[in-house]
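The data blocks that follow each hold one structure.
There are two complexes below, and they share chain A, which is joined by chain B in the first and by chain C in the second.
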Partner chain A sequence: MNAARAPIVEVAASLAEPSGFKAWCRANSFALVLLAPTVLILLALTIFPLIYSVYISLFDYYLPRPHRRAFVGLENYGAVLTDARFWASMRITGIFMFFSISIQFILGMALAVFFFDEFRGRSAKAVYLPLILVPMMIAPVVVGYVWRLLYQVEFGPLNYMLLQIGISRLEFTASAGTALLSIIVADIWQWTPFVTLVMLAGLVALPQELFEVTEMDGASTWQRLRYVMLPLLSRVIAIVLLIRLLDSFRELDKIFIMTQGGPGTVTETVSYYAFLTGFKFFRIGYAAAMSLLLLAVTAIICTGIAKVLHKEQIFER
Partner chain B sequence: MAKIRKLALTSIAAGAMFVAAGSATAEAPEPTPTFDDVTVTVALHSGAFELAWAVHKEQIKALYGINMEIVGIPVNELFDKEILELSMGSGAFDLVQFNPGWMGDYVDFLEPLDPYMERWDPAWEDVHEGFRVWENTYQGTRYTLTMDGDILFTYYNSDVYENPEEQAAFKEKYGYDLAPPATWDQVVDIQEFFRRDTDGDGEIDSWGYSDPIIKRGRGFYSFLLRYINYAGSNPQYMDPETMVPLINNEAGVQALENYKRTIELGPPGMLSWEWDEAHAAFMQGRVQTLVHWPDEGLMTDLYTANTGAEMGFAKMPGAIVGGEKMERTMTGGGWIIGMSRDSQNKEAAYTLLRHVLSPEVSLHLVLMPGTDIFRTSQFNHPVIKKIAPAKYLEVYQESISDNFPELRIPGGFEYYDALDVAVQKALAGELSVKEALDEAAANWEEITDRIGRDEQRAAYKAAMGL
Partner chain C sequence: MLARQSARYVAIAIVVVVFFFPIYWMLITSMKPQEEVLYYPPTFVPPEFTFRYYAEAFDFRGGTALINSLIVTSIVTVISTVLGTLGGYAFARYKVGGFHLPFWILSTRMMPQVAAIIPLFLLMQQFGMIDRYGAVIAVHLIVTLPFAIWMMRSFFLETPVELEEAALMDGASKWQLLMKIAVPLAAPGIAMTALFSFVFSWNEFLFALVLTRRVATTLPVVISGLYSQHGVLWPVMTAVAAMGLIPIFILAVVAQRYLVRGLTLGAIK
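Up next, the complex of A and B:
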């Protein structure tokens, strides 16, 4: 009799106890309360808009005529992929990113090495370093206005200096040949300090004995850079490139202020085109499809970089 | 003092007799309503408009019990922010300032003002006819009131134009008399003639002419100003029956070639000129002729102080087509204000609108920077006549009568952008003139098909008064 009753008691006891999930919730209730605001904010500001973007990208939705919203399936995606202006803007974005990031990296690295070598342990670094960081502390819109004035053809200081050394005026942002280059220069000016800052932080964090040893062995600056600094900084370099890549991909402010994508469309990057499509032409479904395709491109780039990092065992250290 | 009191009493008595006589012969106007602490939110172009309207806040509160809340929006964001709010039906704005060219996209979200105007006349007939017809009325319904009398016409350096030596040299070179350009063909001659190095340093520092804006964004207006004249007696953006674009026809090519040639002969960097750069070039005497909005006409003293010359005024250059002189201009922007369909306080919003834009109060607006004359009574007001040159007022009024409508159909902004990009490509040498206009036309076709050809046809006919 007792033996027969034992399983029943166990079952009853197990029924009285909270289920697995409930028990887990009860055990982690404090952590859940702390996490809840973050999760809710993420849901409201990131997850919901993303899901809604996917949903709206399936509609022909022209905002001034909201009553005419029609389901079109994947038509918007097809239209974006066959839109010549989209591909032209992608090409311009590629050129912008390649030149801007490459030069920022080279200059930023050079400045970081310079500061590291010249001011190691010296208080002068505290004076000069903040000065070169000023550009990246300025709002991109203000940077746009500053460079617009610098590039002014008749009265701009750059043309004044060119005239002083006997070179005729350049129509920086007004010429199809120089407009994109002018924006790239402004971007380099603004973001090179960021590269410098992060690289310098990386250099300072490296074991200083290594540099002392290479100095004692008579290694040149180039040899130290090539065989010591770059390999040891590969993690930092990867992160810097990733951040600059993502930032450059969504560059909008300076273009809006300096050229509005012109002359013609020579400075119309894909972010600017997406902005026009969504917020000026109000083709909401089309703009959502374009944004999601851009998100996919960004995700592919990030995944590619992450794979390289894993291969180099950078994330695993 | 006694004389003043007597004059005041006589005026009041005369006024009372006038009102009594009026009431005996016609229905008395409905009294303006008052409200109990109602708030009306007005979306305005930030800066000058915002400041000019804010001055009247306290008076509006005292007279009507309305709290006027002004939301200042930067001009480049006005269209997107307003459309977002209006299309969502948020009712965030009771009154919205916008460009007449955006009417096609705004109209579905606006409250028709006819019922309000019939009850409380906003001195409708006093608004200049060119604005009433082409800015405030759409498909026979009144939706807006003009709040800034923008129109484009010509300013010039009259000392240079009246100089006998210049006149003789010009006549010898071009075979006709030197005068402010009457046609767009003459604009090219003027540009070329005044293109010179005045201080002998080897650099060209003087030019003949500047368009109002050349930079991407609004540079297409300078093309349209030419096109509407070269297109002859019945200019159209599109064929009203088929909606096939007409901007790439012979007149369009002629217009864009003229525009391109003018820029090629103009100051370096002109392709990136905004309105302020064109304004500065003229006001500093580097450019002898300028097509611009009415603001410069009230800056004659500054112009003389800068250049030592007198400022002259003329109508917009036109074109001679088939022996007939075409004389058309555009607002090239301009500002109107309408009431949101979703406003929760429509009567209060209309009362505020009517008050601020009334002949009496709007006179204060046009005396402040940023707002241009738009009422007939303002043109005739002694204060305006005192501060503005008579020729300026004459040219200004004639130009409003020559106003050609904006492309007031749904998607107006996108049509303009497609044209703007194409015009810029031609000016920058990326495409030939014909290729660029064909590209714009193809894009216009695509936009028309996407929004709906039949709907666009109906909207176009209504917008153009056909």
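Up next, the complex of A and C:
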């Protein structure tokens, strides 16, 4: 009896399922219509190309000769993982990310605290703030140009100023010793205002009584920072670091303009190496495999972050 | 007290100079006569200003690039603002797709551009779309559309839902709720979303570089090609770059209040 009944229950349940789905569709049909174009566009422009990229990555494909490509299976992936230049570019990306993000963070935070104290009790918003915001708003290509101009060895203003304070001329991007450092400096200039601005917004949004209380208790600036600001801003800090992490992993524009990865390969980040492999060496299958490995790294970071964000509701209001 | 205050002003002055000097240097370089640029020691305040390099830059490839950038960026802005408003509203009010659908949309903005452009280049080549506006416009949507969705979602989450509930009681349709109530309330947000989409598309480099040749080249692509072609013609090069700064200055002034939200994709107010 029971044995006979069980399937009917299951059938009933499976019948209920689609109608539940239909009901859900009906309830959300309006929202689905609103979202449909976006989802279709992004499917066509990201998911479909990525699947195509997986296919391409299985071929030994020299771009100028599309008809002579040969199926090689997973060989490209093996080749990337044993490519010394790939790992060197990963290391350079790591050094670049570590130094530029940590200095941006420390400098940006310090400036945010400074401006926060400066603004408090003053209704007149600083007119100079937009001037500071310009670096992060202009095109990265222009940032690269501006710094190339400043780094001019013979007639550039930086070397002139260095000479005035008794330091001999630097070669900046032209020398292997200082090229990566020069790019890191440009990146710090570009993105420190971003950290400052976001941190400042975070500080302004905190309950201001907190600061009055800690001030009356005679807390030092360091104590305020360590015990009040940093813990309360952990959500803001998480978002800032996340955005900087993902953006600097993709860094390419400034390097394209300032050094083209050189001298030699000392400033060749992994994004730039993948770009060169595809569009200069024309080994498009190999480049596809490499870029998919990069995508996997990003996806792992993103999934980890998604879990944290979902749990902490960081992206909710 | 006075000493402390003046120390603060000095500190502010230093910060402003450090962050603005490079821009200033670019602007004066574009207005110095060519021979002046190569002088040593460099002149920090040029004795004479000239705008002739702007005219030269415009005649050269700067003018076409400016027009191309305006065409591409305007269309991208309109599409992403409209779709971002609709999609952001769907996410804010109907919670479709829970957490994962909006996060997927966000993650497309975060992926390495080089991973997207390799297959996109091959596909666009097969469809004969290389060096066409359509290709650049489509691909720029990868950058601006996720942004617009998340930005508008954050603005709609802020507008009160009670007004829409009341209108629903009075028999308004869902479409009317959106167009007659939600959109007018979120109008400043829509304006900001449009402005930011404009700048993101305006600044985008890699996609446009790979997908264009001579006809549809945008401003950043032309800027990137100037050095190799013209050796040391710094004034013309900086003049082209300076023309690209105009919308950015407008944004920095007009949208100051919304900059944080825009740059964190609506995550921080």
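Observations on the structure shown:
In this text, the second predicted complex is superposed on the first by the 267 of 317 C-alpha atoms of A that agree within 3 Å, B and C clash if a C-alpha of one lies under 4 Å from a C-alpha of the other, contacts with A are read in each partner's own complex, and residues count from 1 in each chain.
Definition applied: a contact is a pair of C-beta atoms (placed from the backbone, for glycine too) under 8 Å apart; a residue touches a chain by one contact, two chains touch by 3 or more.
On a predicted model such as this, the values are computed, not experimentally measured, just so you know.
Using the contact criterion defined above for the overlaid structures, shared-chain residue A:A176 touches chain B, although it does not reach chain C. Chain A is touched at more residues by one of its partners, and among chain B and chain C that partner is C. In the superposition on chain A, A:P263 contacts chain B only, with no contact to chain C.
After overlaying the two complexes on the shared chain, residue contacts for A:F279 are found with chain B and with chain C alike. In the superposition on chain A, A:E154 makes contact with both chain B and chain C. In the superposition on chain A, A:I41 makes contact with chain C only, not with chain B. When both complexes are overlaid on chain A, the residue A:R65 reaches chain B alone and has no touch with chain C. The intersection of chain A residues touching chain B with those touching chain C, taken from the two complexes, comprises 154, 256, 279. Taken together, the chain A residues at the contact with chain B in this complex read 60, 62-66, 152-154, 169, 171-176, 256, 259-266, 276, 279-283.
Partner chain A is touched in their complex by these residues of chain B: 76, 79-80, 83-84, 87, 105-106, 108-109, 215-217, 267-272, 286, 410-411, 413-414, 417, 421, 424-425, 427-431, 450-451. The touching residues of chain A, counted against chain C in their complex, run 28, 30-32, 34-35, 37-39, 41-42, 45-46, 49-50, 52-53, 56, 111, 114, 118, 126, 128-142, 145-150, 154-157, 160, 189, 192-194, 197-198, 200-202, 205, 236, 239-240, 243, 246, 249-250, 252-253, 256-257, 271, 274-275, 278-279, 284, 287-288, 291-292, 294-295, 298-299, 302, 306, 309-310, 314-315, 317. Of all residues in chain C, only 8, 11-12, 15-16, 18-20, 22-23, 25-26, 29, 37-42, 44, 83-84, 86-87, 89-91, 93-94, 96-97, 99, 101, 103, 105, 107-108, 110-116, 118-123, 138-139, 141-142, 145-146, 149, 154, 157-158, 174-175, 178, 199, 202-203, 205-206, 210, 219-220, 223-224, 227, 234, 237-238, 241, 244-245, 248-249, 251-253, 256, 259-260, 263-265, 267-269 touch chain A in the complex they form.
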